[in-house]
Every structure is written in structure tokens, then in C-alpha cells.
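Each of the two complexes below includes chain A, the first together with chain B, the second together with chain C.
Showing the complex of A and B:
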């Protein structure tokens, strides 16, 4: 297989367009995350990539890394459990309710969204 | 009717013929009449249709037996005066059971006669032929049969030998070994039987084999792996955040997440309604008769005679151990002329244990009467106390810690052995103090309040707070009516600089008795306070004379230390003598903590509450450290403040008790107290918040009563009061010994320490009590404005 040179020319206007597009997407991403964070009782929001490395977080670094690592493993285990039982099935959501708060994880093929909320009494 | 019974009418003529005339031959009792069949047939032939038997002619002719039964029916049961029984069986049945029927009524008799055909006669069991089910084979197998016929022997003796004279011989018993003669059996070689058949049992056992091997033992080695998490660099993070995939992911995922978040907001799915209901009931249920049950009381006749208890402290870690300090009750004149007072008796701090109400466990020797003392939170073996002459004293009881922990219950009713009597008559160990502060630099008046500063910060000379690396409480704050508040520091090692000659003079070579631990030897008699704060009144040059002090940051817990979130405190490994190896921390390397509040409340001798700040700032004009001028003063109480305490639940709520009323203050609210009680008849002499219920506090009175105030029930009067002693209550101290046992230690003027058990309603908070009390305080704050 030979490498083919890309036919796109990186003109300045093209780059600006790309940046704008990226920014727009980034803005949308920010907006969605902000909206989730603004919910009542939400303590923290973490976005983790497929390898368990946090990309975006509202907590301090050490806690984020801890949450990301542990929950990533748990999601893999949960997903494999669900799929072992029924290969057509897949994990869509995981909620862990503890005494102090609730951890909600929404998995996807490549990313993981973790939200920690303090449910009101 | 009965199929075999035929009612008949007997005319008089018929009755004559058959000799069954009514009331002559047959009567009601004797109603049976047997009539021969031939006679009836004869009668039928002679009289044909007029015969009374004509209707039953057929039955008569068919009747098998010889005699027919005719019964006189006196009661016309069957319709006529006679009836005729048509079968042999029925006849027999009627004739036979009249023996039993005679015992019963006539009705019953007739009923029995009707039932007779159904009685089953007893049939003895009939022999059945034997059916073999195979058991005879087993029986045969198990039975023992002779395989060979038994051989019979008959042994007899020749007749002529019977009755023959017997000859005996003598034998000396000592010639025979063991003096024992016997006729031993021997095997006759001329005779042998060959055993042809032998019955032997055999059991199979698995083969057992033991084997062992020795492995090579290499020396054990600890291995550890250190890892750190992978992290993305900022550029990579930016790249991911801007990628299209993340956007798609979030669009697809955020809907699920929002649904879940909203579910939690709407209601708590795991809320147990039943449990909540039960809690409410238990709290509003029957009121206990006694809120504070008397548990134990302690007093000592030798050391506490004529003394009043000035301070009570529970031992933070050992269950059931409580320490009291006593001081001589002085009138005002005597208090003024302290130097004239001569101590007849040694003043001590006594340690009591629940297990031994008569003998104190430990005694701490005090140089003077102690007004107040506290256990050090990080190490309960160190106790700091404030004396009546202004000095601060330190004790170290680590040697006796084990003894305190092993306090055994004293068994009463058992006659003590001599050794036990000897042991019990020995005095409790007397622990001498380790260090006292230097007299010149201490307070000039009695030290009325002493607190250990919490272990996460320490001050330096400027009053700036630094982080405390060692997590040990090393600083004290004391206050005294000589208008000063002193901060004391317990430095690690000997103070390196001893430059001035005056100091050398002051230092006396003091030989401590050998059994006193030398933990604080370097401090003894040369201990100086770190910071001295004079409480000046803002308008005049006069000063306040504080009696009680309450710092904001005094919230510490004895068991676990609460870490302030922004600190990274290092763990100091536990050593035997931490002081020897700890180096003086240089204040340069410590982090300055900005978020520790340095405000405090102080209650004065005149009944004023002062709110001030101890942090010293460099006055820009004179470049000298000057304490801040922001002080607020409130005059609510008319007499000396005897209690100033922060609520264990709310860091900014303070209770002050003095004179005839008490008040609750909130930090930050400057208009006045958020709750003030009305003047009461007697003086309030002590007060404490409850440790478990946010809205409950205890107030002690001059007449020996304890008022229990519950802010959620009534705010204008106590919800309950109880009399504890006849004399004035001097100190109250609540304590949680175990989740089920909550105690309240109350001391009075006579030197008696009462320990009361708090009942469940007072010790367990109701649901949402914290939130309710917080609401109440906020409402009160609003009303003030």
C-alpha cells in the first residue's frame, strides 16, 4: 500500500475554518457538560477516554485519576457480564448508589461520562 | 314405616283368643307376645276376613319361624295398638336388647329396635394361609446350624476308685517360686486337630503412602511496584475535546444522564418510609420518667473535703475514666489575698473510673489549686492545667496509662483476702507535674480557661497560622482575668537560644524526682508564652478581663483528625518519644494557611461578651505588631460569664451562660444574641451543649438543678429540669462512652461528682433535627434584622 498525499490544501482560510469548526464543536461540548454540571446536587463530572485516561474533569487531579481508573475497570467488567449473558445485549448505564452520593456512568464505544450526584433527601 | 313392622288392630275378641289382652296379659312394660304361627293360621281359617291378621295374611304365611312376635304399642307409635314384627331377625333384635333398652326411655327403646339390624357382631380374625415374601431365605442364611454333628464324650471314673483313701504329700511353700502352685496346662503332642475351616473377616484399606520433599528456601524479599497513572498532555486533551467523536458521544449520552439526574432530583428512590415512620414514633413516644438517670457518684473524703470541683474532663480514649480538679472554695476577700492563703492540703486532680467508685485511680499533684485543665487531644497522656496563681502546668501520665486502661471492677460482697485489703488500702499513685510555666511570664491572676489548639495549625509569634506538620497538638491558649490571652507553645527540643543572663538565673537546677517523666523537662519553670494578647477596650484604655474564651477553630475530634481539604499534611511515624526526634520546624518551609479563622469570643468577669481577632498585623505607621482593633462587645449578662461554648454541630453558634440568664450567639451577627433567655429566679452556674442533639443544651443552677433546654420544643423555658444535688452545680460535661451509653458528668459545690446516664430521647436526635435547628437559627437571625 503506498501512501497517497492528501489532496487537501491547507490554506489559511481552510485552517481558520477547521479551527472554527473545532471551536464550535468544543463549544457545544462545553455547553453540554456545563448543563450536566448545573443540575441540582451534582458534585463532579468526568469524561474519560477508552483507555481510562480522564480528558475533562471538574475535580482535582488525584481524585479524578482514581475515579477514572476504578470506574473504567468496573465498566469493562459490567459490560462483559452483560454481553456474556446475551451477546446481543450491551451495557447502557450504570448507577452506583452509596451512602453519601450516587455515581452514574454512561459508557460508550470510546468514551465514558461519569457524574457524581448527591441525591437530595 | 318400618318394612317389617305391621301395625294391627286387635279387637277384644282377638285379644282373648291369643291371650294378649291389654293391661292383663300385655302391658306397657311387658309388651311382647309370642304367638304361634299355627294359631294364627287357624284363626285366619276360622274367621277369614274378620280376623285381625287378615291384612298380613300373606306375611304370616311366608313367615319362616314358628312363633311370631306381636308387640303392644301403647303409645300408638305405628298407628295402631299392636304391631306385628315380620321377620325372625327383627324379632330376635327386639326380644334380645330389651335388657339395655329397659334402662332408657321408651322412645329410645323403640329407636334401638329400629337400629338393631346395623350392629356388626365381633368376628375373631380368621387364619390366612402364609404368603412367603422371601424372608425365609434370610432367616436361613443367618441361622447357625451345625455343619458337623457334635461329638459327645462321656468321661467316667472306675467304680472301685470311688471312696478310696487319699494320700497327701507336703511341700514347702517357700521352695516354690512366688509361693504359688498351679497345675498349668500343656499342649499334648499326641493329639492334634487340623482346622479345616476358618471364618476370617477381611477389610480393604486404601494404600497410604507418606512422602515429603523439601523446597529450596530463598530468603524473603519485599518487592514493591511504584506506579503513576497515565495522563494526557494538555494538547492531547484539547484534541480529544475538539473531536467529532466526543460530540457525538455526548449527544447520545447526555439524554440518559439527564434522565437519571432528574430522577434523583424528583425523589429519593431508596427512602425507606417504614423506617422513617418508626423513628418519628420512637421520638414522640412515651416520655421517660427520668431524663437523667443517676449512674454513679464519686467523692473522696480526704482530698475533696471542703472543696468545690472546678473542672471535669472525661478521658478521651479510656472508657469510664473521668478526671476532676478541685479547688478550695474561697470567698471574695480570700481570693483577692491569695498570697495569705495557706494550703492545708495538697491540691490534686483525681481520676475516677466507673469500675471503682470508692478509690480514685490516679492523682495528679498540683502546685496550686487548678481552675481548669484539658487532656491533649492528640495524646491523652498529656494534661495541661491552669492554676490559681496564673501558672500553666503540664503532666505526663504515660506510665500510668496501662493501669488506667486495666481498671478492674471491684467486686463487693466478697470477703477480701489480706492481700486485697493491702492493695486497696494503698493510695492511688500520685503523679507529679512535669513542667510549670515561669511565674514572671504567666498570668497574674488565676487561669480560668485553657484549651489546646487543634493539630492542624500552629501559630508563630506574629499570630499568623501555619500548618502543623506533625499532627500533634503543640499549642495552648489560656485566658485569665488579668486582661490577657496567652498562647503557649510546646517546642520540640530544648530551646536552642538561651542568650540572656536573666534567663540563666531563673533556671534553677531542679532535680526532679526520678519517677517523673522528663518529657517537658526543658520547659520547666522557663516556659514562656508565645503570644500575648491584651484585650483592650476600643474606646478607653481600660482592658477587658476575660474569664472564658472560645476559638473558632477549636473543633477537633479525639479519635480521627479532620483534615482541612487544602492541606497536604505528612504522616509522622509514631515513635516512643516523639519529642526527642522531632526537629524544630523552621517556619519558612511551612505553608501559611489563609483559611483558618483567627476570630474568637471571650467572656469577661463583668459579664461582657467580646468578639475579637488575635492575628497581629504590622501597623503601617509604627512598623510594630499591633493586634487588630476590631472588637465587638455585648453586655447581656450581669455577672461573670461561667460558660462560653461553641455548639458541636454548628461552628458559628456560641452559648454563653452568666448570671441569671444565658444567650446564644451567632458569629457574624452583630446586632446581638439570636436567643436570650429571660432572667431566672436562681443563678445559672454552668452550661454545656449536648453532644448528640443539635438543639439541646444543659444549664446548671445554683440550687443544684439541671435545666434541659430543647430549642425545638420550647424556647422560653426549659423542657425539663431535674434536681441533682443540694448545692450549686459547678461544672457539666457530657460524654459519649458508647453508642448506647451517653453520660453527663455533673459536679457540685460539695466536691461530689455525679455521673448521670442520658436517656435515649435526649441522646438520639430525631430525624432532620440538624436541619430543623439550623432553620430555627436562621429564622432567629432574620427576626433580629
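Showing the complex of A and C:
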């Protein structure tokens, strides 16, 4: 069930209904997140919303907020670059490979999904 | 009417001036009179006032002309004022007369009603000349010597010259200066509120503009949605109400602020009140699920990168400094890392060189002195928690996507039955299957359809056949045979979608789902609303050819539990899909035809135990291979009733065999404890490669990969291992 938030009023009853309906998808999502976390070499998995408030994270709060803030700016810049060249294009994924880790970011309007992996193990 | 002491009429005239046109000639008259001021005297004017014609203006004009011709005495400047007064008066009088004449004119202008008879009436048109309108009159400063005024003008000029000559030094001319008084300046102060200036900077990017244009295009269509959002916003607390209102107003106006900013502020407005729901929404949104999916795949790519590269047969980078050890790429990489600290740059350079020149690589990999034996290199295995413990019963590639694999999990043995599983694995994620279909019974056979590649047919231990749609994640089967009255009563050991040439009917290739099961029937399933089947053939028990001992009487036919023999496997001829082979539990292989469903065409006897698999050779289509529980694999020629070659290498059931898609000589066999690769061009006595399994694990099925040199092996623990075939001899097209 895809939620189009712009056209919906969030009354309390609606929220409870959503929670009931979304439980299946949520369970799947939780499972996938757990699997990702359990993979070889994955150091951290972070999900932050558009303001930088962490929704799910496996690191401590300060590091999470630091990552979120820095990556948010980079994503804005990267997205701006992609769209300046062709406005119909958009950024879907960003990977930064460094000496020690690889940081993978899946950006969206409402959230940022960040996974940090050590691929050499 | 008011008269002053002199008797002149000074009646205040109305302020209303009827017509500006009538004013102009009056002024013209005045000008004309002032033009003649120099020439004529006051006498002229007074006489002018006396003559007040009430009528057309033309007469006035002519009147002034007549005066121009007459000469009168010159008046002096002292009488200017009186003349001016008199000018005014006649003007006022003229005004009233004009107004009178005007009124008279108007009365005449009342239109008559026109009748049809008027069309024939004679109409008289009078053309008159209007009076001359003086717009500018500049009197000449030159007078002819012969004119009447000449004398006077000369006289005056002479007087003027005299004055000019007498001027310097004359007491009568004094220079005097005057100063005008400047008005006193007055200062006035005014105070107002400070004008607050705000600086605002915006960076407008081309995509920003693009977004705005597109939002304004979408705006009229989604106006309803927009109004709903505004009402939704206004339903919140007052503190945000104004903010929202200004926002909605600004969005309506299409202000230059970016649309993302509006959205972000909208998000902000909402956040304060429903934070929890927001994060819920994020976690369950479709985008998030998709992103997670991709992220997992990318992680897998990172983890399995060298293995996947080997699968895809990319050239593998090895450090040439390291002695070319064919013990796989992993060790080479490790050694390269160890040397990194010492000669980092050199490594990189050499790796680059190696990449550029792959011939060096291959040369290094196979040094001419050693003959590298063929081997199976384990790349990875498809296994996860879910499949652990289930035995792999069958594996099949998708017909369309060579990276998609369907694996059926179910035990062969009656005692080990539990709930089965059919999973679709993708190459891009070896750690978790893309689709998981839970089945009631153990899955014993699977196949993907060719005509509609999203359909997966699954045969189960209880004899039922189900069809799943792989496109959906839904666990429920698309079609199920449980309602069919004709369904199998024994486990479905093999099922396949077969393309049938229907050349006669001109239908083109049609696809059928064929199953063979332990109840002795080969059935064709029809896909309609319900799954239903028709029998192709019933496998009758054939009596074994026992040599009748001389002297024995005819034996009674044995009492049989069922007239039918359990079918274990089948294979359609690769060229002519009318023929097929069926292997039975008795150990016989029957050649049958689709057109004849009563009898077999031929029977091949050779096996002493149930035949688990038959396979036609895809290249030399006269030969086929069969494997059985009697520990042997037999190669047959379709024309000969006796085996051509028998391969037996181990004392174990041979569960599965498969011909290699690349070579006519190579086939793989899964004995219980090992996987063997046989190459008939090399040796018919021993397998070329033999891979041993872990002691507790039995190999149950094999599958070759079509697009690469890899072999998939499924075992009884639920693991599907992918092996790379290295250094097998190149296929020989001859023979």
C-alpha cells in the first residue's frame, strides 16, 4: 500500500488503521533491514528522515546525526548536479568508496537510507 | 439685465460656454483687432462694438476686412486699458449673441422623421464658406516705402535713433538694479517608521525552474488535491494556520521560492504534530522498500564481487609478481594485499598493465610446463535460513532471464516428508531468495514456462500441480490442481512445459504442461479456469523378459497391485517433440509417441533399479543417457535395445544427470556423495572431475548454466552451490 501523504488527512483513527494495514509491509521491511545489518562487513545501517532525525540506526546518536548532516549536504549537491544537466533526471543512488569503508546512500524526498560497509573483509 | 452708470450692459453672463468652436473665432476676432491695434485706433474698436450683428459669423469676418482697408488715426498707448475693457465687452456681448445664435442653430438641428416618400424628395444642399480662422498672425516688421504708413514709420525710426545716440551720458537714462526678495524658507521635519530592509538570496537552478513549470502545469488538474491539502492544513492548530495560509497563498501566486522549499516547510508544519506517524510512513513507503531492495543487492555485489566476476567470466586480475598459482583468485588477492605496503605503486602499475594486456594473464595462469587438471571451483552457494534443512529436489533456469533460478525443496523419501518450498533466486542476491512460495507438500518438480515466462509450474509429493505467477510476491498459487478430479495420486516426479509443433493444424507452436507421476500416468495439463488434465499415456507394466525354462508350464501372470508402473522421468526429443522417453520404476525406459497413447514404440531394458533421469543428448540427438538407483549411468542409442556404454563409479544412487549445453561429450552426474563430470572424449571409465561432498550431505541435483561455464549442485541440506568449471577441454564439434 503506497501512501501519498500530500492528499491525506492524518486523523487518529486513520493512523491506527494505517498501522494495522502496514504491519505486513513493516514486518517485511524490518526483516530486510535486519538482514542487511547482518551481512558480512556491514558496519552500520542508518535511516533518517528529511530533517535528519534518525528513524532507525545502529550507531550512537551523535555519530548518526553527524553522518546524516554531512551526507544530506552531499546528496543535495549531487542531486543538483544531476538535475542541472538534465532536469528530467534525478539522483537514485550514491556510493562513496574510501580507503576503509564504502558508504552507500539511497536518497529520497522524505528519508535517507545509509549503509556503511567494509567490503574488504 | 444689469446696466452700469454709462448704460452698458454688464449682465453677468452664464458660466456655460456652449461650444468651444464658437469661442475660437471670438478670440480670433480679438487677435485680429489687436493686430490692427498698432494701425488702427480706438475709434475702430468702438465702432466695432456698435456693430453687433446677430447672425452668421461670416458677416463679422467681412466686417473686419472692410475696416482693414480704411485708415484711421493712431491711438496712443495711454488708451490701452480702455480699449482692453472695450475688447472685453464686445467679447461678452459677442458671447451672448453667440450663445443666442447657438441656441438658434440648435433649434434648427432638430431632425425630422424620415419617411419613405422622402427618398424621392428633392433635397437641396447648400455649400457655404466658413469664416476664416486666424490661428497665428505675426505682423510684419517691414513696411514698404510706398505704403501709406511709410512716413509715420520712418518718423518713428528717426526718433528712436536719436534717442539711442543721446542715450550715453544723458541724465534721463539711469541704470538701476533691482533685487527681488527671496521668500523666507521654512523647515519642516517629518518622522516615519524605519524601513526594514531584508536581504534574501536564492540560487535558481535549471531544475528548479523545470520543477516549477511542471508543478504549474499539474496545478489545474490537481487543484482539488491542492484545496484538500490547504483544508487539511487549516484543520491544525492556530499557530500554524497563518503560516499555512501564507504558504498556500504564495503557492497559488507561484512565487519564485522553490517548490522543494514549500514542500519542506509543509513537512515541517506536519512534523511537529505527527512525528511518529511520519517515521512509520517512511518505513512503510514503497520507495523505502525499493531502496532497501536495491541496497541489499548492492551489498551483495560488494561481498560477492570476485565470485560474480568469475561467474560472468571476466578476466581476473592477478598480480604477476605472485607465482601463478591456480589455487584460485582469492589467495592471489590476499598475497597482493600483503605486498601492498612494500610496493604499493608498483602493484598498481602492474595491475594496470595486467588489465590492459589480458594475454599475459592467460599465459601466466597456464604455464606451458604444467598441465592444469580440470577442476570445480566453488564460487558461492544459494542458501538462507529458510531453506536450511530442506532437501533440494529440482532446479530450473528461467527461460527468459538467465540469472533467475527456481529451486524446489522437498524430500524424495516418504519418511522425510515435510512442508515444501519453491524459491526463486536471483544472481544479484545470493543470500536471500527473491520469491518464496510455501507449499503444503514437498516440491518434487518445477519448470518455468516458455510462452509466458512468469509462470512457474510446481509438482508436489501428493500429486498436485500448482502454477505460480512469479511476478507477484503473493504466496498463493495462481492455479491449483486440487480441484481436479483427474489429478495424480502419486508424487509428480517430473514436469515440463513442452513446445509442440502443430504444423498440421497451422497453429504454430503451442506449449503444453506434461507431468509424469508415480501413479503411472503421463498427463497433459490444460490451463483454463481450473487446472485439468488429460492422459497422454498410461504406463503399463511390462513383464520382464524372463527366459522360459524349457519344460515349465505357462506361468500365471503375477498378481499385480496395479496394472501401471510408476513413472519416474521423461524427456522429449529435442528435435521432434512427438517422441519422448519415459523412465519407470521398474528400470525400463519406454519410447513413446504423442500420437499413440496405447502402446510404447520401444522399450529399453538395462537398468535394474528405478530410472531417475533420462536425457537426450542435445547435440547428437540419437543418443540419450539414463541414470538409475542401481549405481549406474547408461548411454543408449535410440535404435539399439542394448546399452552402448555403462558408467559406474560409485556405489551410490545416481540422482541426477545432465548433459552440458556446450559439449556433446560432457555430462554431469550427482551421486549421493559426490558430483562427477564425465568427458566422453577423454575417458569413458572415469569421470574427469569428481567433487566430494561433506559427509553428512548428499548431492541430489545438478544443473548446468547456459551462459557461463558453471555448474549448480543442490544437496540435501538445502544448499545450492555454484561451481565454476575450470580447464575443461574445449568442446570438439566433430563426432
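Criterion: the second predicted complex is superposed on the first by the 94 of 121 C-alpha atoms of A that agree within 3 Å, B and C clash if a C-alpha of one lies under 4 Å from a C-alpha of the other, contacts with A are read in each partner's own complex, and residues count from 1 in each chain.
As a convention for this text, contacts are C-beta pairs under 8 Å (C-beta built on N, C-alpha and C of every residue); 3 or more make two chains touch, one makes a residue touch a chain.
If you're wondering where the values come from, they're calculated on a predicted model, not measured in any experiment.
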May I ask you to decide whether A:50 touches chain B, chain C, both, or neither, giving the answer as first, second, both or neither?
second
Once chain A of both complexes is superposed, is A:87 in touch with chain B (first), chain C (second), both, or neither?
second
Between chain B and chain C, whom does A:32 touch in the aligned arrangement: first, second, both, or neither?
both
Touching partner for A:96 - first (chain B), second (chain C), both, neither
neither
Touch check for A:70: first (chain B), second (chain C), both, or neither?
neither
Looking at chain A, which of its residues have contacts with both chain B and chain C?
22, 25-26, 28-29, 32-33, 35-36, 39-42, 47, 49, 51, 53, 55-56, 93, 95, 102, 104, 106, 108, 110-111, 113, 115, 117, 119
Note which residues of chain B are touching chain A in the complex, please.
229-232, 237, 240-247, 249-254, 256-258, 260-262, 264-265, 268, 270-271
As the complex stands, chain A meets chain B at residues 22-23, 25-26, 28-29, 32-33, 35-36, 39-42, 47, 49, 51, 53-56, 61, 65, 68-69, 92-93, 95, 97, 102, 104, 106, 108, 110-111, 113, 115, 117, 119-121
Chain C-touching residues of chain A, taken from the complex the two chains share:
1-3, 5-10, 15, 18-19, 22, 25-26, 28-29, 32-33, 35-36, 39-42, 47, 49-51, 53, 55-56, 80, 83-84, 87-88, 93, 95, 102, 104, 106, 108-111, 113, 115, 117, 119
So in the complex, the part of chain C that touches chain A is made up of which residues?
205-207, 209-211, 225, 228-229, 232, 235, 263-264, 267-268, 270-271, 274-275, 277-289, 291-296, 298-300, 302-303, 305, 431-432
